[in-house]
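Got some structures for you, see below.
Shared between the two complexes below is subunit A, which has subunit B as its partner in the first and subunit C in the second.
Here is the complex of A and B:
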């Protein structure tokens, strides 16, 4: 699709180097959004082709227009947007010239979409079976559910969306999309809300269905690992313009445009032993980790902590220490209890057992019962800076409030001054203090979230998935900031993440959680060098690297069962506190290759 | 699901019990001796004593409460102090007349305003929306007695289509009352509709902007199907409670409008009993209003359950 090949006879078998005729063809498409009485261009003269059976990835950061372009394949524009030039042709139809009835037939019948958030894309008041049935087609619902590898299809069809897990919901959305056997599948960030293991399952399913049904696919993603894994061609977008288009392997091996280079270089990798520093030219350098000083005191210590939600146990007997100046990462898929643990430490939930202590006091009480002096020492940074800042108050206010509250600053002017200093400390222009959260970018908002947490002069910082919602280049900056701050301020940092590559770059120690139980913990290098527990290996195998030829980081073929027994819980590979929960293999020798 | 319904029913019964206690206590709390209050300052001590005896005021309050509530449960609310007839029959008669107005109002106001609200939401920021929103805002801001008076001016005085006042007593038949029902019902509907229209509009706009509505559109479904199957069940949920509150409000609204039209309904009875200090009737009406409020809210909650599978499937395991 990089070169415009002359129209070959469709009867001709496809020779190497010769592209089949495109089924999707976007030609100098421009889209503008009407705001405040004038047109704001969001897509500029974008052209692309997708051939039958091929997958094109649209890559870019937020605001690049990638989702807008993808939606035009279904003739859909956001409220207030319009086409200002160019055309979109799918299967021979000019999409935006189709009468309403024909357009409806095209949607679902010829092009189908799988959206980002299946939890919100499914109608909450309708049974799943009905929703799939409605999408048309002649394939029975049960067959479709089976095709997306969902268990007990007949029973599942009678469920409502809220009764399914995130991964199951996404599978239902896929079943709905392929119901009428379309020719083109548009996938808009299909796995963004899912954790690595679930993501891997959904991607494998999409790839299998695509090949089985001979679909052309357009994949929108900001995750270059996903793109490398799925796409034949990649089109890089920046501010609504195509920056670079190339075959996947070529793009990842030899990016041409400096923007593509920077984007690729910003992605953290599983084998990075520190945080990457990316130069303007796209040069990448891994900054080595600074070791935690010997004899650094333990700031927080959790011992045998359990947390219950009603009758179910979210965290079950977890112990760990975090020293000053150290980053300890809690990793695990969603539902592993990592966020619950973080929130409990921050005092937002009460543990049902075990002890949690800080250098200066007991943490088993909820935040509002902790003495003020202790409360300010443990601060939480939220995953979502957009929703954790009051939209009607300036960000300066957000930082100033805890300063006054904790008594760090006495007077009003002093508080204002300190707030500006904190904003400077998180590498932002203090002039931003007057702005409202909505007037800042996502990365800037997250920095304000960090500045607000620092206002209490804490010695423990809990970072709950703080970079999950950010673009890769912004993520790299925020991670570097966090790394700098913990050195400057000698912070103990509990870092919650499901992204193993990020964890490897920033954490000194790793604690792997599964169903609320620690299955492995140890120094980051030791765990990554020799992951001992099959669950850790499964997580690492599911992580996708931004390289189409990447081999899985580790093999993952073991079926296992927990073998911890009474006091005999751990095996100890003996590498600076690296220990692994006991397990035994269930793999019969013949069962090899079964995943 | 069953446990949810049962719990909701239990809480409705509890609310009714509490409100009956409050109603009873409120009457007890009237300043001075009840008998003196009823008979006035110039009453002879003999008359006061006789009335005290008739009301059983010498017995402890809780005993009288249980007597009253026991009677009420059997439909016996005591005897009217003015007419000397059974309170139950009297209230039921007036209530029946009011129910006629209420029924017509609810029927027209709820269906009409839902349709208008949904239309306004679907045609957001276009002329149908502007028209509906403006008119409903006006309806909301004008008090019901003004609306009623204007309606009388237009449709009884200028165009003599409907009677301006009702000349029948409370024992009039439905056929006699029917021509007189329309104007009061319309006056109430105008005021009531405004809230429902605005609520329905807002929630339709919210839901139509949701991802699942976009998904349904992109499945290639017709607009009618997208709206009726995907958007409306969710959009009606918040509207349901506004409807319930408005229907309950009818009891109060009815009092004003009935007096404008001299309509022999519960509102009129309430006003005259307050003037006559007919305490048993006032107690009965207060209790009936409480029942109406509780029933409306109960209906709204059960309706919400029918629309929201999250509530229906609660307790079912994943």
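Here is the complex of A and C:
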């Protein structure tokens, strides 16, 4: 399959009919690595072209080979991999035929890369300015920093990477990439791990630079919202093969391949009022939320909780209740204190103020000081399934151990029996119990993480960003599992996420945190229908939808200041428990309170 | 939803841990050669009575200071004892005491190192300073002090070696354990409120066994040398026990007359230490590679 060269899509600056020669041309490229004496193909006959000024997105789930393809543009292969067929041509050069010296000149000079984690790409002991200088090129550092929209470039150039925020680091990485004025930019998940608002800013910057400098860009991403926002063309990869290539608008409007259909349908949308159920054919159906039963008891209750790290306050006077059978979402950017709050509930931190209570006891003490009966009632599921299971123990053992530890099962055979039942409960084949975590996929590992948490027969489940590291289709499955389980087991669930679309689908109530303070809370529908606080509105505006025609992001949020004062903290829009922290606009001094 | 997610992961069910470890070992020539040398030494020490008919401690004044001959392949020493027999038997003391001492040292060091990494805070700080203090004393000096105070004997030597080497092992193991401690499976165990010991045994130790094994092989070679030095100085094995260090000490006065009496134990000692070092090197490399290749 070959990507059709741009036949002038209407949304593009290049005039229709004018079809420039591709600057990047990958021709039936195959890559394999050797393992155990045989070749394992990772990329299979992939072809694509990118013209000057255009952006091609490589989309696929983990293991689809999208990063491998992108890296070949720089002549880079992972250790042990080799080209088994095809060619990669960039600006007229066959990349893999270039001698080492010219390949070095190609990298940076003609093709530059922006990687996923800028924090790790920058040398911690070198000042920003010097690092950018080393990237080569003749553009003065201050100009580059200005070009990536960083404030006070001269001062910034003297700082060290750790003194910058994640978004600023990523901007510095972009400045380094464009320092030598390359013709092609390879962007490998450039905003994964950044907050929505920051992500939006970085993406807008990349788009602007691309147009200013006339760059061809190859964007690798698993996030279809990012792709819809950025790309002219999309190439969907699955297990190293191209399944579909099309202009962005066409692909999102009318996907041809069933895999693409399923992929698109799996993405949660901001206007979904429940979890999406995706059929094999790619049909999408939104499953309505089941209301929390009337009079359901409060399982866990936090009142005015404060957590300090040394002298800095991570959580400041947060109160909320979670009832049995209810999902309460804690939403906020990184640093908003949502994970700290979760860890404090789980007994991994001690609160410095306020009270936390469970039906059966006080939660202010660390886990090892809580009675066993209370400990097992509150269980944690982790964000990263890769590190949440011990790589040297079978997954069956990971579930069995807490069963024995909490006394849910007595005796070895009973524990084995129950572990298998729990593994079935999270919709996995119990035969997987003998496997090591490395032999499972990410989604399977995350399910085992949930099964392990269920082993204590908890009534409160804390889910800390559990779907962030998963592919979209897997994410949808895990969310549905969680939703089913809370109903079957009448679980109170504290769901922590920065992804508003996911939250809308699963949560019954939302608590929005900013800098450790609750700025808005209420029933999901009420909050999403009428967000009262400017911060909530900003979060929603920055969220990217998998729709190329979505409204462009306009930061029309007012500058605001906190106006909570003494006992007068909340304003109440009057729709069933929805309340907003008082704020006042700084733009117009008269505007007050509820917008 | 009711779909059973049965899709097997890309990897077929892996071989058992033991098979895997064995395969890795085989893949490293260095480790294989090293371990083979050590194995030969162990075999010789065990089978010494079958390999020679001479008694290693029986004096025979009429056959003193003989050169190599058909009867005595490596000659005899000043008391007329067969040098080869003494070298063959000599490995018993060196290996026996060294292995015990290394086991004790590495076991203690591992527990201390893991506990420091796991507990952190003031426990780690205080322990770190104590270990620093012990580390600053030269090990042979520490050894001599302990032996002078408590008398010679295998048990004392084991204790003395533990005192001087535990801090070093603890340092290395602490470093390795620190990489495991922030993992979520350790956090999960903490949230369950498990004891430090149980977390150490179940979650941390299985993930640093490679470091511990390499540490064992490396420390073993140091300990063998240290014990021989001690014997050479007269604080280790008591005469007439056949021991390499002691043999060198006894025979160095006659080195011009019967060089083999000194050379033979030196060769034996050197090969054992080289073997242990090779094993340590090979193991560390093999295990480093292993983790990448098998994606564990």
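Quick notes
Note that the second predicted complex is superposed on the first by the 563 of 595 C-alpha atoms of A that agree within 3 Å, B and C clash if a C-alpha of one lies under 4 Å from a C-alpha of the other, contacts with A are read in each partner's own complex, and residues count from 1 in each chain.
Everything below uses one rule, namely that a contact is a pair of C-beta atoms (placed from the backbone, for glycine too) under 8 Å apart; a residue touches a chain by one contact, two chains touch by 3 or more.
None of these values were measured; they are calculated from a predicted model.
Legend: residue contacts after superposition of the two complexes on their common chain; A:444 is shown touching subunit C, with no touch to subunit B.
Looking at the shared chain after the overlay, A:135 reaches subunit B, while subunit C stays out of its contact range. Of the two partner chains placed by superposition, only subunit B is touched by A:105; subunit C is not.
Contacts of A:363 after superposition on the shared chain: neither subunit B nor subunit C is touched. Residue by residue along subunit A, subunit B and subunit C are tallied for touches, and C comes out ahead.
When the two complexes are overlaid on their common chain A, residue A:539 makes contact with neither subunit B nor subunit C.
When the shared chain is aligned, no partner comes close enough to touch A:518: not subunit B, not subunit C. In the superposition on chain A, A:122 makes contact with subunit B only, while subunit C stays out of contact range. Using the contact criterion defined above for the overlaid structures, shared-chain residue A:178 touches neither subunit B nor subunit C, since it reaches no partner.
Remark: subunit B residues 209-222, 225, 229-230, 233-234, 307-310, 313, 316, 318 touch subunit A in the complex. Within the complex formed with subunit A, the residues of subunit C that make contact are 1-7, 9-11, 13-14, 17, 183-185, 187-188, 190-195, 202-203, 206-207, 209, 293-296. Against subunit B, the residues of subunit A that register as touching in their complex are 74, 76, 79, 103-109, 112-113, 115, 117, 120-126, 134-136, 160, 162-165, 173, 176, 180.
Partner subunit C is touched in their complex by these residues of subunit A: 35, 63, 277, 346-348, 367-370, 372, 375-376, 379-380, 382-384, 387-393, 398, 401-402, 405-406, 424, 427-429, 431, 434-436, 438-441, 443-444, 447, 452, 456, 477, 480-481, 484.
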